[in-house]
Structure formats: structure tokens, C-alpha cells
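Below, chain A partners chain B and then partners chain C, in two separate complexes.
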Partner chain A sequence: MTAVIPAATVPRRAWKNTSLGRFFRNPRSVAGAGLLLLFVLLALLAPVLTPYNPNSLQFDAFMGFSAQHPLGTTALGQDIFSQFVYGARLTLLVGSAAGLIATFLSVTFGLAAAYFGGRVDEAINTLINVFLVLPGLPLIIVAAAFIRGGGVWPVILVIGLTGWAFGARVLRSQALALRERDFIAAATVAGEGPIRIIFVEMLPNMAGLIAANFFGAALYAVLSEAGLSFIGVGDVSLVTWGTMLYWAQAKGALLQGAWWWVALPGLSIALLGTSFALLNFAVDEISNPKLGGGRLKMPRRTVSAAGPAPVAGDALLAINDLNVGYVTPTGTVRAVRDVTLEVQPGELLGLAGESGCGKSTLAFAATRLLDPPGAVLGGSVRLAEHDLLALSPEELRQVRWKEFSIVFQASMSVLNPVLKIREQVYDAMQAHGVTDKAKLDARARELFDLVGIQTSYLDAYPHQLSGGMKQRVVIAIALALEPKLIVMDEPTTALDVVVQRQILQEINDVRRRLGISIIFITHDLSLLVEMSDRVAIMYAGEVVEQAPAHQLYAHPAHPYTQQLMNSFPPMTGPRTRRSGIPGKPPPLSAEIVGCPFFERCTKRMPGVCDVKPLQTFPVAEHQTAACFLYDPTVSPALKGNAIRESQINAGQSNAGQISAGQISAGQISAGEVSREPARNAKLN
Partner chain B sequence: MSQPVTPSSTEVQSPPSSAPNTLEIVNLRKVFGTRGKAGGVVAVNDVSFAIARGEVLGLVGESGSGKSTIARLIAHLYTPTAGEIRLGGQPVPNRLGGAALRKFRKHVQMIFQDPYASLNPLHPVRYTLSRPLKIHGLARGNTDAQVGSLLERVGLSPAATYIAKRPFELSGGQRQRVGIARALAASPELILADEPTSALDVSIRLDVMNLMLDLKDQEGLSMLFITHDLAGARYMSDRVAVLYAGTLVEIGPAVEVIDRPQHPYTQLLKSAAPKPDAGLVPEEIEARGEVPDLKTLPPGCPFEPRCPHAMPECKDGLPKMYDVGGGHTARCILHDPAIRARKQGLVGV
Partner chain C sequence: MSYLLRKLGIFVFTLWVAATLNFILPRLVPGDPVSVMLAKYQGRLDPSAVDALKIAYGLNDLGSPISQYFTYLGNLLRGDFGRSISLFPTPVIDVVLRALPYTLGLVGITTIISFVLGSGLGLYSGWRRGRAGADAVVPAALFLSSMPYFWFGLLLLYVLAFQLKWFPLSGALDPFPGDAYSAGWWSSLARHAVLPVLTILVTSVGGWLITMRNNVISVASEDYLAFARAKGLSEGRIVNRYVLRNALLPSFTAFGMSLGFVVGGSILTEIVFSYPGLGYYLYQSVTNLDYPLMQALFFFIALAVLLANLLVDLINVILDPRIREGRA
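Let's turn to the complex of A and B:
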């Protein structure tokens, strides 16, 4: 059977989220494009704006402002305003044409080097390096001096041919990164040839960078042209803003008081340069949204007047009604919804859920590590006597490492590559006042023994350690000040199965010996059931079930937990078809009415589950589930119907769903059909 | 290093069948980063196996064991350093180009691990799926109908909902289904699936695996299913091959290999995997060290430095594959009759 995939509910991307939409909302791009448009209009409308030929020498020298000559005349008797508007034409032509030539060369060389690799890459790279090492302006001056007086195109060619190297270097490295992407390998396997791979698969993905590169090159060209003309190596018979500067300088404009003859082209060059630079930044920002600036207004946490609720019993960590969201321009994504959780001293709490269910966000928020756009919207977190969410940064610094510490999935990359392991192990201890060298050394050795690394590695650098050893070092650092709680977010996911098992064994030994509590977060439920004391299952930002591990394993209560447990192929027993959970979690940007699992649930009760506000109900001792099957106010007949229907469906599809609310995992096979006979028949 | 191209009969493990195998690889070897000089990384070390028509071979190993490299060698994304690949009994030249390469690609397709990386973010589903049809001359006029039926075959229905979508509009599971549809488009005989489910959420993994099993059953496809998850390999595969440090250490019927592993490394892998169904007490494993650096492999059995059964003979060259019965072989001298006799009663492998 194939899964029923519900018709996609993804809304079409709103216009304002397209690249073009973002372009028009980005202040830099709007300012840059506006300026550029102004200059382009000026250049295009030159014959309309002025009746004079910019080269005609028919007027008196150094005339002042007048109606006829709004900006007066030059020392040679030319109209300055008409020089300015006609000069815009050539200046823009130089900028765009040289920019295009340089960009074309950058793209060609960069892509060729990256795609063909080997000797082609080496040759092109050498060429790039030569051009990068040659000082740009002197090279242009020398080249331009040889072809003086040949009109505007030699200038354009010289600038274009000397200005491509930096862009080629940038494009080459991006193309190299793209070439390693799987979709390029996929296109190759599909049978695409090199031309199509370069131009249809790779090039469009580099459009943003190429556009940014063009504006950068155009900026360089405009400035180079101005510089060349100003020192007189360009063709000074042309009218550009650069040659205007040259003549103004040569004829002593400032001495004659005609400052605007210098100021107008100078300022315009600066403004045109600014517009190209703004466009360059904007395109870069749009094609790479991570660079996006723009502060969003962060909501404040709502705290009930009574302060954090007192915790029943003697829980070490108490999370109460915690709400966490990510503030985005299109609204708030509520990633953690009304989560209440407790961790007892010495307990290992497993937190399981699929990607995007909010388990990491919960851990980040509870340990005050959440960065904007994430924000705690409400609720409280209490660790021993500390109200964690209310601590000042200084108080937090004192509590962190000493009272609790954190180990992340990517924490191996947290180790500083240029510092010896020893210094990094000392770091947290020194920050908390341990300064005696002998004590530090003794403690570091003790920690390494604890997590199973030879103490000789204290004087190694991180790159000399394998991934598993680095993760052990990070765990040793987390243990350094004997915190009461360690939060571990997928600490072994990036490691191999065998190393993962070794580290888990060590974690388990250490926490039993030291009596520390651990929150262990992973998507691997089968692993969690083995090692946790208690397990909490998260779905769509809610904790949907909590139970002691053996209880959760033997009698999963929530239909999601039941289906999740059935989603792991077994390692033993007959091989049978099982089914996953069709569908996908609801988007967390929307308000969810009723149960978030309703759409995918096989035991749903329409009229109840999709209507009533979600509540958590006790199921057994120490076991709770956010499921209306355990709501005492819902009629037993309705529940019975839902369970019966799911059994019938399971029977019809041979899908092997767990068929009742409370059955043990050993009974699952009732609804399953072996596929062995079919396979055997096929072999013969 | 010169390699005999002709296989010795003990090295090629064929399933019991007389028809030509869809795929045979013989002493396949890949050395990275040498440019003809000595001292490179031996990523794949003389690996031989065969896949029969309609069979799924599970290839199991940890990261760096060379399993993805093998898939990419077979797919002609990498060029083998030595060895031979045969398709339908016919040797495939190690250097292929132009029309011959295109023809080869029609027969061998690949499914990638990360569906977020394997679809070009700019191309709609229609483009991605129509290209293989056009490249291999299978397109009939407007390809929308053909693309639509491909989408229906991988469970993306109604197809009209998906055909114009770009990857960012699809969920991970839907993207992987598009990836599978792309592999099916050219009607290949062999699909190389490189960890196709490990980037997916647990709840949708099984559905994607079931889809691949259904397609295999319906279309008689042969499949190389690469995974690091023994349970997944057991669920998907007819036979399982276990790879360690670029070397094939064990191969046999899936249930045999995983229920009764005969190589100490496979035994270690099995004991390290979480098995909540086997009881709640995790098995304590006994293993030293980690996967060795491929640049400095020991001369003998690559697993010897970590093996609980290691003995002096293990360092005397790479052990051969020992037949342990039922088409099941393991590369461990514990199965050597002489050593068995000597260690009788000591090792219960």
C-alpha cells in the first residue's frame, strides 16, 4: 500500500516573499535603483534637457549662472550643464559596458575552473592570481597610455579586461560549492551533459551573486574611468564626468571661483558609485537572506503576577506553561506551546519528537540560549532556587556551568581549533574562580577518566581527535563544575552507531555515579526508551505524552506515540510490512484548534478532537496523555467507535497499525501480514 | 596496484539464480587523492558482489566505510581505480562518454540521501521529471501526462497538485518521492539508493521504504539499498552486505546476516543498535577504539585492532571470505577450519 498524502496545503508564495518583492522592500535596493534611474533618465533625455552641443565652444569663458546657462560655461566656453547631461551618457556606458565585460569574463573563467577542475582549474587559478597581484590602477594607466585617443571603447576594454579577476575568484568558489551539491550529481546521473548542467542547473543558482558582481564591476569601472580621465590618460576629447574633472582641474576652475565645475561631476560620480554599491549590497542580501538586517520588535514575556508557580514535590527543574515563538515578518510561529515539564534530581528525562516539533527550541528557551527571532512568550522555568528566565546576564553567567550545562549536536565544532584541549577544559572552571594550576590539572584528568579519554589528549589540539573523542571532551567540559542538570540536544546523532553506544554507556555511568539529572533530546525514540527513566513525547510544539520509559514502551497511550513506536522496523522476528504515519504536522504559524495530531490520527473523534481545547489527562500512575480518548467527559461509546474504526481500517489495509489504545508491543503482530511467502515465491 | 580482472569463483557472491545478474562488481577499487602516486586513501578495497534481477541488496556500514563511494562508482560519478562493473552480464568500460554514457545512465539510476539537496531549488517538479524522459528519448509530445503518471506511481496524487511546485513548497517526504520518481523516469533496471530515508523523519521513513518495495515488486527493479541502520536493511533487503573500512566483511541473506551475524564487526554493529523490542536493558558492548584512519590501515584484517577475538594470525594479510552455509560468507579467520579446530570450544561465533 502506498500512503495517502493529503493534497498539499502549502499556500502559494506571497508576492512580497519573492525575490522581486524583497527587492522592492529593501531600502538599499530602492535607494540604489532610484539613484541609478535618475542618472539613466538624465542621460537618455540629454537632447531634451539642453539645446546645446556639449563640445561647442561658442560661448564666453567662465560665465556665471543664467537662464541660458544654468550652470555657466567652462574656460573653453562650453555649456557646463550640457556637458554634465551628455557626460552622464558616456560615464554610464563605460560603467555598464565594462561591468558587463568583466562580469562575463568572471563567470566564464569562474565556472570553467570549477566545473572542469584539474588542469583547467589550475591554469585559470594562476591567471586569476596574476591579475589579482598586479596593482589594478597602474596596470590600467599603462595599458590606457598605449591606446590613447582612440575613443571610449579602448577605455572600456582596458577596464573590463583588468577588472574580472576578483569576481572570477568569488564565482569559482561558489560554483565549486554548487558542484558538490547532490542536485548536480542527480542531474549527471539523469544523463544531462556539461553545457546544460552549467547553464541550467548551476548558473541560475548563482544569479544573485552574478548580479552583485556586475554592480561591483560597474562601480569599479566608473571610478577607474574617472581616475584615468582625471590624470589625463583617457581620451580627453570625449565628454565624460571624468574628463570634465580633468578640464576643470587643468583650467583652474577653483581659482576662477567656478567650484561647481568640479563639484558637479565629482559628486555625481560619487552618487553613481553609491548607487552601484547599494545595489551590490542589496542583491547580495536578497539572494542570501541570512545577511538580512532589520530588527523585529520582540514581544515581552507575560509573567503572571504571582511569579513562578511553586512546584509540587522537590523537582530539580520545573518548566511551567512555557510558550516560545519565532517572530517573523509574516507573524509569530509558536514553536513551543504551553509546555509543562519537571525533571527530578538524578533523573534522565528523554525528550523525543520529529524535526520541527519544538524539542530543541524548548531546550534553548529553558536554558536562556534562544537568540532572536526566537522569544519566550510566557511561562516560567525554575532550576532549584533560580528563576532562570528572570536572571540578569551576570547572574546567568554564575549559574551556567555551575548549576546546569549544555551539550549540543554540533558541539564538537565548538572547540577552538587553535587552543589546546587542556585550556578549553580549564576555561569554564577558571571562569568560576578555580585558578590553582595543580587543582585544574587534577580535575581535568579526573574528568577525562570519567568520560573515557586518555589524559595524554589534554595536550592535543582538537583536530588530532576523532569526532567521538571531541564529543567526549565537550561532555567532560559540561561535567567540569558538577552541575545538577545537563541538557543534551542530540549529542550523538552525528556519530557512528558503535561510538554512539559507547558514549551513551559513559553518560549513563557518569550520571548514576554523580547523581546528576539529564534532559536527553533526540528523534530516535528506540534509543530513548532504552536509556531514559522517563520519556516525554513532543508533537507540534506540545508535550503529548509523558510516562516512565518502560510504561511508554509497554503501554503507549497517545495514538501518535503508538504509531511512532510502530514506525521502527524491528531487528528480530518475522519480517512484516509496517506503515509509517501518513501526512505531516500542521504548520506552527497557524492557530491550532483542538488536537494537533487530528489530521493524521487513526482514532480521531470528529466533533471532539478538532473542537475542544487540548488538555492533558492522566492515563495511569505517572503517565499522562494529551488525548481525548482519556477525557472522562467524552462518552465511552464515541471512544469505542473510534478505536473499532481504526481496527477495521488497519485490517483492510493490512497496515499493521496498533489496534487498540492499550496493548503491549508484543501483540502488535495481530494486524500485520507477513510478506515472506510472496518473497519466497518470487525467488523460485 | 594491478588487479586481476577475472574473478575467482570464491570472490563473487551470486544469489542462487541462472539468469544473468543485473549488476556484478568484481574487485572494485577506488583510491582517492593520489594522482598516480602511492599513499592515497583506499576508500573501496577490492569489493565484489552481485545483484540479481528483482533483488534488493542492502549495503550496511558506518560513515567512511565506502558505501556511498561504491554507489557513485557504479553510477559512473567516480571512475574506479581498478576492478570491473558488469551490467546484465556485460562489462561496462571504466571510461565512458557521450552516447554510451547516456545509454548506461538509462539503465542505472540513483536516489540520494538528502531530498533537500538533491533537487535543484529553482526547477519545478515538471522540469525535474521531464528531463530524464527527454534525455533518453522517452518523451511523447507534451510530457505532462507522463510526468503525471510518474507522480501517481510514487504516491503524489492528484498529480496536478504537485506538477508545478518547486522543491521549497514540498515537505521532506514529498521531495524524496519526487527524487524516486526522477530515478524511475528512465525505466532503469537498477536503482542505487544512497541512504534514501536517513534524512527523513521517523514517521515517514517507513512509507518511503514501502514505496520502494512496492515499486520493486511491481516493476522487477533491482536495488542497491545503502544504509547504516541494520533494522532498515533487514526490512528492505533480500540480501545484506556489510562494509568495514572499504572492505566487504560479510554478505548473505538479510535475515541470516542480521539474526546470526558471523563477522565480529557485524556482531558489534548489531549489539550497538538500539533494540527496544529486545527488552529495555541496552546491551553492553565491548569494543575498543574507533573506525581506523583509511590512510593507515593495518596490513591484515582491518577490524583486527578493535576485534574482541583478535589473534596473531589476523595480521597475516586480509582474510578470505569463508562460506558459512546458505549463501552466507564472512571475512574472518574464525571460520577457518584449522583455527576453528584449535580454538574449539573457546569461541562461540
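Let's turn to the complex of A and C:
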């Protein structure tokens, strides 16, 4: 009895996310499976569906439709309907048996090549190439011509033995990719044998691909059998849809007007083939997420009736109450929540937070680069005089790069691999009206000098450049039109420390010289504090603190910022043990009541932080924090308690951690923090 | 350079495999193919044809299988494929050379048109994914590419040629088309080609469509595409230089590899329309047990597909700078 309970309590959501669940929600796989089931039933129920033997020649030739013979008779006096029904049996047998043989060979060769590598791989790969380019059907025809009349198995064998190469090639490359993965390496180190690694570790991970491969091979087999039978190679005394076509053609069915004798078996082959093809396509789509998706309904952005909020002061970029979500089959994940942020002209704003806190989503949404399933759910973004979220595609295209540009996180792969660097520097400028070749060339050289790459690399292809050089090229392209704003999403994380330093120094020099504003996104808080004018800290999709960099460094206000600072070593002072922040952020799919950091906060105030709707409170001049410790309406006694408790806990668990000279959460005294609300009260 | 040498090596090797299969297959049959054939023709065979057969199979050569094999390879290199049984005493090579232009013209040109058309539709379907029209072509393409070529040809033949009499029923030319390459000759050739072309086109276009669509969808999620959009490039430029240029590479490779399959299917179309190309003669040789002709035809079909593949590899070098440096 008890064993039943866990199965019964598995949430419906989990089931929907399994491959099988997706299989049954994919219209293509359902259609394919339904069609296949229909044919299988037809084959199994043949004796029930028709009283006649398909080979019996007892009737008159070329009889029309009648109750006795729903599809008439053949030129030899066989019942066409019973031929059709019984023909399904052998046709399905050929498809599935030859498909299985071919798939077995594909899997064996593909996995062996990938697992053993070296000479074995080379030999198998050559064999695959040979079988791929050898024209299959003529080979089968020639081979089958020598084995004619031997029943159905020689045909199955010949088709299976010639149809495996395509699948082997696909499986080999998939297995090669899999082999690079950590868990295979771990199994190898743990001393597992090749058989075990192939069958236990690798095969289950390739199940989807193997299934897709089987359906592809079955389609090939059914079509090949039909072709072979049609030209009379193989055994034409058998009843398959292919041999039906052979006899129909040989006996001039069309000339006699018995067109259905030709139409029905052919259409059935096409439909059976379609069911295999649909299953192949659907299984491929399900196991390769890149191909799936994209069919979800996107929500429209809700724009308040009053229109976008007016820009306060002379900010260059004003993000107002921006909400961004990812639409998934199980609901919307709100990745950016009510974010309001401004960037002043010439300012370098740092945006920091843990992975998955919504930094990149914010940047992508604000620049309208977010792809489905991501969608802006509400709010406004204003850049200079443009309402970015309201621009038409063509207006947006014109504003892009001219007014703002972006340096992506994955700069290693943002350059088009088949175009020369020069073309990719030019086209950004050409798209915005610079067409004079001499001007383009001069500007490209100037930019490359600016970021420190030899101009000869203009005529190189991306794969000829190192990672650091590619990054510089991307930055050069971002500077090409001297935009007012550059968004840099972790531009240097993939580079080594020395190159990182150089590039950051250059970015800083250039932006000061040209007066460009920069939004600099990173999880490296110490780097930000050093570089930025102002820093915004994000947590669980919300901006929890904003302050000038030096202020944030000296007096982090939000408990999250304090703990974040504590997890990086200071630039100076004695070496001490660092602690991470225990726990993890709340799931963004859930509605969060109160403060999202409540669960992990050492200074939380139960009854306040987990109940009241979160608000942002001023902490000092130019500093705000989304924390109830700065809420003037919360009693100072409650705040004092929370802070005292956090210090007692810190003292118990990390006795050695807080040391003199260290600027961290622990160092801010209770008095200091409790002084802040007082200051707030004054400001208010 | 090493890339091309490798491809050339595979070309020669595969051709050798094809030739060797040709040598081995008849010897795998229990008994001796010549006596099987003699039994079938029941003494209607010319004694000189019997001799020719024995020569073709190396049965006059009483040496070891190894020496038979080398004699066979030597004959192959000299272009000596023996004489046809069914069209005796025509040398096999003459039959092949007569049929070759028709197959190259029909299957070759149609396959290229089909690839271009299918890739174009696949580009549309992949790029506009999510729209009703772009998604509806997928099941349609899967159905079309699951139809047996010859069956669709039969239907076209029945409706358009037999019932409506819009097109001729068979052959590549009228019995008396006029002087070769005259206007009347060309129009006769074109009228005869319409139905076979339509058959190959309709049944093969779906495969290229699906391949290209999948490649476009893969490219659409690449970082360089997001960067191109961020740069504010026009849609035309993004589609041409970023999507198509990158999606075409794997499509093109797939084209080379599927050629063998497509050509195999296409030659069945020749049978339906009695179009006098390699496929039609392959069918004739199979029904007449004309083994020398059958083997030479297989060899030439393989040769044509292999040469086309080599061409695809050459073009790949031009299209992909990474291959040029032996990185891919």
C-alpha cells in the first residue's frame, strides 16, 4: 500500500516535463503514433477483417466494388481488400525488422567509433563514408537480383545491411560529444569497463536519438522494399504493398481503369512512411530542445494607460517598473520584478548579483533583445528621447548601435564564423548610413588601434583570433558609432586576469574620453566597486540596493549586499576565511510575498519581512535599499533585536571570521545600522 | 589541402569498394551465374554470347580468384565492361554512354533544382517558425518525402498523360522528333521531361526542406545572430549573410550524403516513364538477367554520385573558411 503513495503524489507538473509527457503533448508524435497504431491493428486483425485468403485466385478478374469485394478483385482474381489488409503484415515486418537491423548496426558502429577513438574510429568513419555515398537502391537492386525468390528475409537483410550508415554517422557525433562529458570521464576513472560504460552510461543518454534513428531507418526500409518489389526484384509471390504495386503495374491496372489497385497500396506506403517520419521528427524535436518550443503564446506587455512614466531629471536611460518573465509550459517565471533603474550620461553603472538573479535578462529585455520564451510583461524603458519598448521594428533597428550597443557575455561565439572580421565591423556601420569604403576602412583601423589589435586582423576569420582578441574586436564594434550607452554583460569573465585588466583599463579610458555611459554587468563585486561610479545589486529579479560605489563599499546597507561583500576577499588586510551565503534564492516561478531574501537573511524580522509587500527605502543620500530595516514605520526595537541576533549567530558559527581591518557585514555595528533608520526618518 | 586529399582518398577508396562489390556479388550466388542464365534462356543464347558471358565473369579464366580479380580490375580501368547479353553484341559501355546524358539531364538537374527550392522553403519555414504557414509545411513535407517516387509517377502518368493526354506516356523523345538540337527536338524533349521532373521534384523537395529548416532553427539560437540583431542590421542582411550562410553549410554536406539515396529513388522514376536513362536500363538488365550491363550501370551510377560528392566537398572548401585550415 505504501508503495503506491509516492507514485500517486508525483505532481502533475513533473509528469508533463518528462520526455514521455512531452511525447504525448507533441501533436506530431501523437499523429504519427496514431497512424502507426492504425496500421498495426489492420495487420493484426487481418483474419477478422476479411474472410478471404489474399493469394486465392478463386474470383473473376477485375471485378468492381461490391459488398462481397469492397475493393474489387485483381487481374488474377484475388480480393484486393484482403491483399491490402494482409499486405500490411509483411510491409510492417520489413519496416520494423530492417529498421531494427539498421539501427543495431548504427548504434554498434557509432558507439564503438566514439568510445574507442583513434584507429578504430578512423576505420569505422571511412566505412560509414563509403556506405553513405554508395547509391543505396541500385546496390540493393544488384544485390537482391542475385538472391531473388528467397522469401522476405533476404530482402530485410539486404535493406538492413545497406541502410545503417546515416544513423551511424549521427550517433557517432552524438556519442563523441557525450564522451567529453564529465560523468563519462568519471566512470572511466572509476575503472568501469567499456561494455558497462557504453551500455549503462552512454546508451540511456542517447535513447531519444536512437529512437528517432529507428523510425528514419524504418521509413527507408519501407520505401526500399516498395521500390524493389515494384521492379520485381525480391520475392513477388509474397503479399506486400510493394508487390501489390508490382502486379497492378504488370497487369495494366490503370489501363483497365482499376486505379484504386494502384492508389491504395501506394497511399498506404506513403502514410506509413509519414507516420515513421512524424515519429522521427517529433522524437528528434523532443530530445533536441533547440528544435522544440517556440510555439507558446506570448503575453502582451501591459502598458499603463498613462503611458511611460516621464523621465526624472536628465537621466540617459530610465527603466521604470520593468517586469520580465519566461513563459514555460508550466507557467511564467518572473525573472525581473518591478525594476526601476537610471543611468546618467557618462556614468558607469555596475550591476551585480549571483548567477540567475536576472542581471542579463534585465539587460536583454531593456535593449529588446530578449528571445521567446522571454517576454517583457510590463513597465517602460526610455533611452534619451526614445521609448525603447514602444519602437516599431524598423525604428528600433535604427536606434540600435547608433544610440546604444551591447557587448555579450559569450563574446567567443558572437562573431559569425564564416565572415571576415572586416565585414562584421563594416556592416554595423553600413546599417546606419556609413557607406563610403574609405571612411569605413579608416574608422575600422582607428577602432582597432583604440582597443589594441593589429589592423591586419581585419582580414582574418574569427577562428584565427584568440579569445582576448575576439573580445577586443567585439568592443571595437560596440564603439564603432560612438553610442551614448554600452551594455556590457560580463565582458571579461572568460578571459585570464591579465588580459581582463588590460581590457577593463581600455574600456575605462575610452568611455571617459568619449563620455559614454556604460552598464557593466558582473558577479564580481570587488571588480565593480573598483570600476563603477554607481552600483546596483540584484537579488531574485529585484534591485535590492543602489548606491555610489565608494558608499556601497564603505557602508553596504542591504543584508544581502553585506553578505555578498563578505564572500569576496578584501584587496588589503590579513587573509581570512571567506564564507558563501548559505541557502539559495527562491524559485522565480513562485509568487514571492515580502522580501525574497527572507529565507537566507541573518537579520530578518519575522512578521514583517515575510508579510509586508517589499518597498525600496532611502538609506542615505543617493543610496536606497529594499529592506525593512530601513522602513521608518517598523519599530526600532524589532530592528535592534534582529541585528543583535545575527551577531550572536555570527559569533557562534564563524568565530574566526570577523577580523579587524575587514570591511564586511559583520563589521557594521548594531549602532551604525540602527542609526540609519533614524537618518531616514529625518530625511522623510 | 589535406582536407581535399582526404576526400580524394575516400573517393578512390569508395569507387574501389563499388568495383569490388561488383566482383564479389555474382560469386556469392550458389552455383554459377552463367548456367543459371543458360537455363533461363533455354538454348536461345548465341554461343558467342555464352563465351562473352564467361569472359565477363572471368569463368574462362581458370586461375585463382585473386588473378581473376586483378584481370577484372584491369578491364575496368581500360573501360572494358564486356558485352551486353540482352542487347548482344553491343558493348556494355556503349549502352551506358547512350543512357548517361538522359540521367544526368533529368536526375542531375532536377535534384539541383529540388535542393535549391527545398532549401529556400526550409529557410522560410525555419526563420518564420511559429507562424501557421511556416509550420504547416512540415507535415506536408514529411508526407511528400514518404511517397514512393515511382508511385507518384504512376499517378501523374495516369491522370495527366493517360486521362487528360496533356503529356506523352513514355520515352524521352517523339519517334521522329526532327533533327537533333532543332527547335522541334528541344520541345519534344521538354514535353517528355515534364512529368518525370515533376515526380522527382515533388517527392524529393520535402527532405531538403526539413534539413534546411532544422539547420536554420539551430543557427537562430546562436550568439552571433543575437549580436547581428543587436547591431541593427537589416533583416535581409541577417537572413543572407548570417542565417543562410551558416545554415547552408550542414545542409550542403547533407546534400552530398543524401545524393546516393535520392539518385537511387530517382532512377525508379525513369522506369515508370520508360525514360531511357541509367535507371531504365538497370531495370531492363535486372529483368533480362543481363548481369554485365547491370554491374556496369551500378558502377557508373556510383561513379556519378561519387563525383557529385567530390564537387560538394570542393564547394564546401569555398564556403567554409574553417575547412580551408583543416579545422572542421
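One rule holds for everything that comes next: the second predicted complex is superposed on the first by the 622 of 684 C-alpha atoms of A that agree within 3 Å, B and C clash if a C-alpha of one lies under 4 Å from a C-alpha of the other, contacts with A are read in each partner's own complex, and residues count from 1 in each chain.
Quick note on the criterion: contacts are C-beta pairs under 8 Å (C-beta built on N, C-alpha and C of every residue); 3 or more make two chains touch, one makes a residue touch a chain.
Values in this document were obtained by computation on a predicted structure and should not be read as measured data.
In the superposition on chain A, A:His550 contacts chain B only, with no contact to chain C. When the shared chain is aligned, chain B comes close enough to touch A:Gly468, but chain C does not.
In the superposition on chain A, A:Glu530 makes contact with chain B only, not with chain C.
Once the two complexes are laid over each other on the shared chain, residue contacts for A:Arg181 go to chain B alone; chain C is not touched. In the superposition on chain A, A:Gln505 makes contact with chain B only, while chain C stays out of contact range.
Looking at the shared chain after the overlay, A:Gly227 reaches chain C, while chain B stays out of its contact range. Contacts of A:Pro51 after superposition on the shared chain: neither chain B nor chain C is touched. Shared-chain residue A:Phe276: touches chain C; no touch with chain B.
For the contact definition in use here, the chain B contact set and the chain C contact set of chain A share no residue.
Residues 10, 13-14, 17-18, 21-22, 25-26, 28-29, 33, 129-130, 135, 138-139, 142-143, 145-152, 154-155, 157-158, 162, 210, 214, 217-218, 221-224, 226-234, 237, 241-242, 245-246, 249, 256-257, 259-261, 263-265, 267-268, 271, 282-283, 286-287, 289, 294-295, 297-298, 301-302, 305-306, 309, 319-322, 325, 327 of chain C are the ones touching chain A in the complex. Contacts from chain A toward chain C in the complex involve residues 28, 31, 126, 129-130, 132-143, 145-147, 166, 169, 219-220, 223, 226-227, 230-233, 245, 249, 254-255, 259, 262-263, 266, 269-274, 276-278, 281, 284, 290-291, 294-295, 367, 369, 371-372, 396-402, 405-406, 408, 410, 413-419, 423, 427-428, 431-432, 461, 463-464, 474, 477. Partner chain B is touched in their complex by these residues of chain A: 1-5, 7-8, 10, 13, 181-183, 185-192, 201, 204-205, 354-355, 466, 468-469, 496-502, 504-505, 523-527, 529-531, 549-550, 553, 563-565, 567-573, 575, 577-582, 584, 665, 678-679, 682-683. On the side of chain B, the complex with chain A involves touching residues 16-17, 54, 62-63, 72, 75, 77, 101-102, 105-106, 108-110, 112-114, 117-122, 131-132, 135-136, 154-158, 161-162, 165, 169-171, 173-174, 177, 179, 182, 185-186, 201-211, 213-214, 217, 228, 230-232, 234-235, 238, 255, 258-259, 268-278, 280-282, 284-285, 287, 290-291.
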